[in-house]
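Pasting a structure below so you can have a look.
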Amino acid sequence: MSHTIHQKDKLIARVRRLRGQLEGIERALEGEAGCAEILRQLASVRGALGGLTAEVMEDHLRHHVMGAETEVDRRQGGEELIDVIRTYLK
Amino acid sequence: MSHTIHQKDKLIARVRRLRGQLEGIERALEGEAGCAEILRQLASVRGALGGLTAEVMEDHLRHHVMGAETEVDRRQGGEELIDVIRTYLK
Amino acid sequence: MSHTIHQKDKLIARVRRLRGQLEGIERALEGEAGCAEILRQLASVRGALGGLTAEVMEDHLRHHVMGAETEVDRRQGGEELIDVIRTYLK
Amino acid sequence: MSHTIHQKDKLIARVRRLRGQLEGIERALEGEAGCAEILRQLASVRGALGGLTAEVMEDHLRHHVMGAETEVDRRQGGEELIDVIRTYLK
């Protein structure tokens, strides 16, 4: 219960935009666009993905660590975030 | 001409897999999956995106720098790759 | 007070190892080592730097968010971590 | 011969600046600086390391791929760069 996502609609809208960017890359590949153009679009997807990931981490930190209702929830939420941080920075 | 992508079908298949992974994330968000699960899936998308980008860079390096037909093409292909490397590492 | 680093000695030892790795790169550059070798050593420094950063973030999360003594401290520690996460993922 | 680094002095100066930044972090840890400050300095080291790595890759691409003297050298230089790109993007 306590670990679902807040601001769901906003995050879903961001995932959809990302999917749209990937569709653009697929069309660019089919249309024989140049490598340099494809690589620029991939860099833009990478930026958008990083932004979305930061948003989900922030949501988690705010609602399941800072705003946790019990100390047990806070501990669990914190340990989950630590795992994620390790994955991203290693 | 000389700057289109080789191995197009393979790359398009990878972009489609990435789109499928994002659809999975959208469903997970709608289905009230936990943050930790969403973040794991986002990390997996990030890995797949990095792999795809490396593949496009490799394709570019092989065909438009190492295998360029003229020195002018090679210079252009090389400068494009340098721009991309700077974007990715800064 | 509440925002200093725990496990200081362990972190200082990691920073020193990183400095040692950079000295190795400096010697390799002076000794005319090949690019490929230098780039491998730089990749290893990048990995070590990411590990150290994850460690500091974890320390911060444990002591200044999860284990904060007051709600005001917890809020401040959390907001600081959010800023850092945004910097790292954008 | 053909695989040493060009612009050696410039690169060595950048490695030294990086070492100086790490010394600053070591002093900050010893001086009980806050986590947030340490994390900001680590982010700055990460940026500088990425810039240095891009510089070495560019040097390699210019001198050992684009400007290689023989096709055998060019192939070897290109394959080395492909290995490095894979390491950095995976």
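A, B, C and D label the chains in the order they appear, each numbered from 1.
Heads up, the rule we're going with is that a residue touches a chain if its C-beta (ideal position, glycine included) is under 8 Å from a C-beta of that chain, and two chains touch if they have at least 3 such contacts.
Which chain is which protein? Per UniProt: A, B, C, D = Metal/formaldehyde-sensitive transcriptional repressor.
Computed from a predicted structure; not experimentally measured.
Visitor: Spell out the chains that contact chain A while also contacting chain B.
Guide: Correct list: empty, since no chain touches both.
Visitor: Compared with chain B, which chain's mean CA position is the farthest off?
Guide: Here the answer is chain C, farthest from chain B.
Visitor: Give a one-word verdict, same or different, on whether chain B and chain D use largely identical residue numbers at their interface, taking over half shared as same.
Guide: Mostly the same residues.
Visitor: Rounded to the nearest whole Å, what is the centre-to-centre distance of chain B and chain D, using the mean of the C-alpha atoms as each centre?
Guide: 22
Visitor: I'd like to verify one number: the distance from the centre of chain C to the centre of chain D, where each centre is the average of its C-alpha atoms, in whole angstrom.
Guide: Here chain C and chain D have centroids separated by 17 Å.
Visitor: Could you work out how far the Cα centre of chain A sits from that of chain D, in whole Å?
Guide: 28
Visitor: Give the residues of chain D touching no fewer than two other chains, as numbers and ranges.
Guide: Residues 50, 53, 57, 88 of chain D each touch two or more of the other chains.
Visitor: Does the chain-touch network form a line, ring, star, complete graph or other?
Guide: Basically the chains close up into a ring.
Visitor: Touching pairs of chains, all of them, please.
Guide: Every touching chain pair, ordered by label, is A-B, A-C, B-D, C-D.
Visitor: Report the residues of chain D in contact with chain C in the complex, numbered from low to high.
Guide: 3-5, 8, 11-12, 15-16, 18-19, 22-23, 25-26, 29-30, 32-36, 38-40, 42-43, 45-46, 49-50, 52-53, 56-57, 59-60, 64, 80, 83-84, 87-88
Visitor: Within the complex, which stretch of chain B touches chain D?
Guide: Listed in rising order, the residues are 47, 50-51, 53-54, 57-58, 61-62, 65-66, 74-75, 78, 81-82, 85-86, 88-90.
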